[in-house]
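These notes open a run of structures that come right after.
Here come two complexes built around chain A, the first alongside chain B, the second alongside chain C.
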Partner chain A sequence: MAALGIVLLGLAIFAPAFFQPQPLLSLVTREAPTLIVACGMALVIITRQIDISVGSQFSVCSVCAGLLAARGWPLALVLPVSVTAGALLGALNGVLVAGLRLPSIVVTLATMVTLRQGLNLVRQGEFVNLPDNFQWFGLSQSAGQWTLVLTALLFLAGLGLALRHLAAGRWVYAVGTDAEAARLAGLRPQLITFAVFVFLGALTGLAAIMNLVQSPQVQPMVGAGLELKVIAAVVVGGVAISGGRGNLWGGFAGLLLLTCVSPALTHLHIEAYWEKAIQGAIILLAVVADGLRQKRLNR
Partner chain B sequence: MNKTFPRLFFTLCLAFTALQPVLAADAKLIVAMMPKAKGNAYFLSCKAGADKAAKELGVELLFDGPTDSNAAKQNEIVENWITLGVDVIAVAAENKEGISTALRKAQKQGIKVVAYDADALPDARSFFVNQATPQGIGYTLMDEAARLCGEEGEFAIITASLTAANQREWQKHIEARLAEKYPKMKLVAVRPSDDLKDKAQSESTALMSANPNLKLLMAICSPGVPGAAEAVKQAGKIGKVKVIGLGLPNENKRYVHEGVTDSVVLWNTGDLGYLAIYAGVALAKDELKPGATSFKAGALGTFEIKGDNIMLGKPFIFNKANIDQFDF
Partner chain C sequence: MAATLPPSPPLLTLRRAAKSFGGVRALRGVDFELQAGEVHALLGENGAGKSTLIKLITGAHRPDAGEITVANRTLTGLTPALAQQLGIACIYQQPALFPDLTVEENIGLRLESSSPWQRIDWRARRARATELLRRVGAAIAPDTEVRTLSMPEQQLVEITCAVGAGARVVVMDEPTASLTHLEQQQLFAVVRELRTGGVGVIYISHRLEEIFALADRVTVLRDGASVGTHAVGDMTETTLIKLMVGREVAQLYPPSECAAGEIVLRVHNVGCAASGVRGVSFEVRAGEIFGLAGLVGAGRTELARILFGQTPADTGQIQLNGKSIAVRSPGEAIALGLAYVPEDRRRHGVILEMPIEENMTMAIHARIFPAAWLRFGRERRLALDFIRDLAVKCAGPNAPGGSLSGGNQQKVSLARWLATKPKLLILDEPTQGVDVGAKSEIHKIIRGLAQEGLAVIMISSDLPEILGMSDRIGVMRSGTLTTVLPGGSDASVVMAAALGQPQ
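The block that comes next holds the complex of A and B.
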């Protein structure tokens, strides 16, 4: 949070043009779907699992939804299909991880590659063209952008509160802190893990639609790299990769911080070579800070 | 006996089927053309030009390839063509090394081989029909940018990644042309898009707000062109910031018609197929020999040959006037 504040302050001084309302709204709107996926990812990481297949899930949902939309299906039908498709893909990961107790990093690595290559095989990289009335839900551009941003923020607030105050929210933390203790306390850790994967999948399907409505065509590799972005955001936001700790607000701040890097460099006229290096350094700092805090707690 | 007969019968049938086109055609040359993938719109548009050439030359054209980009399947098809006894094979190689063994075998059987779009190994084909050079692409993009900006002002480049070899090569030629011919134009930034349309859009949005005098965005990776166009459209800067790039017509038609994107640079795929067939047939008729320095291909006129590369020549510019004639 402090880091985010410093970066924004720095930008305000050296590159006030960064805060022009229209480009800023565009920038934030582009990240609204990412925020939704990051929320789901935070839950998965809190249960001490990981899902690196979200990018591929996102691509699959986008292309399915895009093809249906191109056939003339209305948004009201395309949205549930996309969410269901995402939930099914999440369920596949969930069954393998929670049911067969396989390590989630290996399972989701496999599903990531399989889904991505399958999509390449089917689409050969060809774009899907959407009908004209699809972009911005048929609203004006700024109305559409505000709808997406507010949806993402409301969702963040709702889920954040639920995680804190609802029993189900506490279960997620319990499983991530100590699955055995959670089981002894009467919870069913495997079921909760499964549910969290399905939830992330469904959110990915929702996010795919929120991205879909932002442009008139879908690129099949649209989700490439999304997994890195959301996992990094969640970790930078202070969710412990060892599970059981962290919250959504942190993930939100982490996402904003990482998202700012690239446009900030453009505004400061710094070579793009620095972009990935800076993002990497931010992640490293976050992990080191978490490690140090952990060490102090253990002492 | 019961076993041999059907097999013999089958073999005879096969032989007959294989010979039939040769017999029926009565010395009509058979040209076999292979795309990387059969259903791919890009290659279908190459085929359209090839069909035209085949008709003009009075040869029979076979068009077959894998349904997806599959190197092993390409070999299989070449083997079949050898059995069939075609006269010419024109191939876009999925895998340079992979297909070359089969192509050498074809050459030993007296079949003439040309590569187009994607080359095979030099000893596995007589000529490669080279669709574009990095210099041609770089110069055309820069000239087009300068023309649209009135030869002065700021522009920015959206690339795939800062380290991709082909992008760097194009960029080198763009910058060389800029330094040589357009002193009043200034390249203010080069931003990577990771070959993602959405990232290209975000980068373009930031470029426009960080550089208020920006006059043109040039995308040198195909997803970058519609990405930059969408950013310009959302920023309400249509006409104020122009968009050009290296890309595919279908991905850009919408923006070209809306007046967001001015020019999309690539090569004329129909001409590529046309030239490949003309070159293959000329080889088979002994009118084109290794060492030639130029080659005349029907209605398209004369092409330069550099070594064993037949050069298609200057890239093609798709714009409002002609983009609808292309479907790939």
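The block that comes next holds the complex of A and C.
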């Protein structure tokens, strides 16, 4: 949070152009789908699991939705299909992780590669052209952008509150901290784990649509690298990778911070090659800071 | 003290060895001596200090005071490496071998000192393993994978390593716990072989018959102190049991006042193959504390886990308030009105990172938050009530569980389960690792709950606690409930039942 403040302040001083409304709105709009996925990822990480297949899920949902849209399906139908597709992919991970108790990192690594390569095989890298009425939900660009940004923020607020105020939210923390204790308290850790994977999948499906409406076409690799960004945002935002700790607000701040890097570089006239390196350094810093904090707590 | 042995210098001597963990004094000045060529049994209740003593001898712990003399060297403490160098080897109940490596590889790993880049001489390794296995009389091919071996064969491999290392002192910690009778006899033969070769064997077992069959001398530990070393020939089972438990039960326990009511829980012939419990039958009445005594590993926690649905029963019937029930998960158990305060409170009882109030309401979300919407005010009031009623010493209801002392954590764990308003409360080692003051507070709370009509099952390895608290005492041995004794039974009677000795 403090880091985010410093970066924003630094930008305000050295690159006031960053805060021009229109480019900023575009920037935020581009990241709105990422924020949605990050919310779901935060839940998964709080339960002490991880899902690195979200990028591939995102691609699959996007392509499915794009194909249907190209055939003239209205958004009102494409959206639920995409969400359901995402939920099903999440359920596949969930069954393997919660049902068979396999380690989530291996399971989702496998589904990531399988989905990605399967999609490549089927689509042969071909783009899907989207009908015009899909752009910005058929609204004007700025209305569409605002819709997306507000949707994402509403989701963030709703989920953040739910995590704090619903019993289910507390279950997520309980399972992430000590699954056996949770089981003894009558909770069903495996079911809860399954549910967060399905939920993340569904959110990924939603995010795919939110991304779809921003461009005239979909390419099958659209989700590549998403998992990295999302996991990084969540971890930078203070959600402990060891489970049970952190919240969505942190994830939001983490995402903003990572997102600011690229435009900040542009405005500060630093070469864009530095972007990934700096993002990586931020992640490393966040993890080290958390590690040091943990060490102090344990002493 | 009538043991007469040849006046050769002892292999190993401990003088006034003491060791504390936190505030708990595990050993308070123990003297112990091991001669060459003897099997010296170490006997004592759970928690009498046997394991701590062993750990001092193997170098796993350093004594706080006292000295250890090994091979004429007097030391203030050992390290594992030094202990090994001085010829001390320990064979645990669960052999510490690498299951995916072969017998010769395991032996080689223990006995060969090698630099990382040294070439392994497989032929020499094979020859040495074969020779050592022959010496301990083990009919095991050196190229067998350890995981395919039976438990006694694995123990033989451990012994082989000990012999190969030239061990003069061999410690065996309940080596027969998982062995059949025949396997036991094989093991005994090897132990006698070691004795003949001049090795000193420290033998820990709860089975008195083994001690009479095998040991030359026996040292009895009680409450972290030695109560004497005797020649086994001078002892009888009765005198040994008396030595183990021989103390007054302090009058610290709140008295039982009200008469037991209706039968709340009736268990008939219950068993579970997976957890090794079989044919358990008993009943618990409202207002009654039913103590479950037994040695570690007798199946008491396993029985509790069956009742609470963690490892559901596969045979027998369980009735609650006269109705047959099948408990398949903890969730179902809670819904039926069962509560289980687990043994390992730091792992499963209290979530250390969570605030006290959240810990207390963990098991009752459905009831206090009917709309699934958390009501923090309600949760806070409930927590404050419990903090007051159970006198939990804490900074406040939002302090993390990990900030509390052991006794107060136990109270939080208890509160979580009392909040479910159970009909039957199962307590597993409720005062383990709790200081004396908090212990008697917890005892008062438990008695008070029983007086309010709760049926209580209390598992405890603390014999005075069982004797002082229980209205009736069930004794478990080898996975089954063997005896039910009236409250106020004599300690030696309970101990005899736990050891399986007729009295």
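Following the convention adopted for this analysis, the second predicted complex is superposed on the first by the 299 of 299 C-alpha atoms of A that agree within 3 Å, B and C clash if a C-alpha of one lies under 4 Å from a C-alpha of the other, contacts with A are read in each partner's own complex, and residues count from 1 in each chain.
Just so we're on the same page, contacts are C-beta pairs under 8 Å (C-beta built on N, C-alpha and C of every residue); 3 or more make two chains touch, one makes a residue touch a chain.
Keep in mind that what you see is a predicted model, and the values were worked out from it rather than measured.
Asker: With the two structures overlaid on chain A, would chain B and chain C clash, or do they fit side by side?
Answerer: fit
Asker: Between chain B (first) and chain C (second), which, if any, makes contact with A:121: first, second, both or neither?
Answerer: first
Asker: Just checking: does A:48 make contact with chain B only, chain C only, both, or neither of them? Give me first, second, both or neither.
Answerer: Touch status of A:48: no partner.
Asker: State whether A:217 touches chain B only (first), chain C only (second), both chains, or neither.
Answerer: A:217: touches chain B, not chain C.
Asker: Residues of chain A touched: more by chain B or chain C?
Answerer: B
Asker: In the superposed arrangement, does A:173 touch chain B (first), chain C (second), both or neither?
Answerer: Touch status of A:173: second partner only.
Asker: Using the touch definition from the top, say if A:22 reaches chain B (first), chain C (second), both or neither.
Answerer: A:22 contacts chain B only, not chain C.
Asker: Contact-wise, after the overlay, does A:229 reach chain B, chain C, both or neither (first, second, both, neither)?
Answerer: neither
Asker: If you've got the overlay open, could you tell me the nearest Cα approach between chain B and chain C in whole angstrom?
Answerer: In the combined three-chain model, chain B comes within 39 Å of chain C at the C-alpha level.
Asker: Quick check on the output: what are the common chain A residues between the chain B footprint and the chain C footprint?
Answerer: Dual-contact residues (chain A): none.
Asker: Quick one: which bits of chain C touch chain A in the complex? Just the residue numbers, please.
Answerer: 308, 310, 329-331, 333-335, 340, 342, 347-351, 353-354, 358, 362-363, 365-366, 369, 372-374, 416
Asker: In the complex of these two chains, what residues of chain A are touching chain C?
Answerer: 164-171, 173-174, 177-178, 180-188, 244-245
Asker: Write out the stretch or stretches of chain A touching chain B in their complex.
Answerer: 15, 17-18, 20, 22-23, 26-27, 30, 121, 124, 126-127, 129, 141, 211, 214-217, 219, 221-222, 224-225, 262-263, 266-267, 269, 272-273, 275
Asker: Under the stated contact criterion, what part of chain B meets chain A in this complex?
Answerer: Spelled out, the residues of chain B in touch with chain A are 37, 39-41, 68-69, 162, 188-192, 194-198, 201-203, 205-210, 212, 223, 226, 230-231, 234-236, 250-251, 254.
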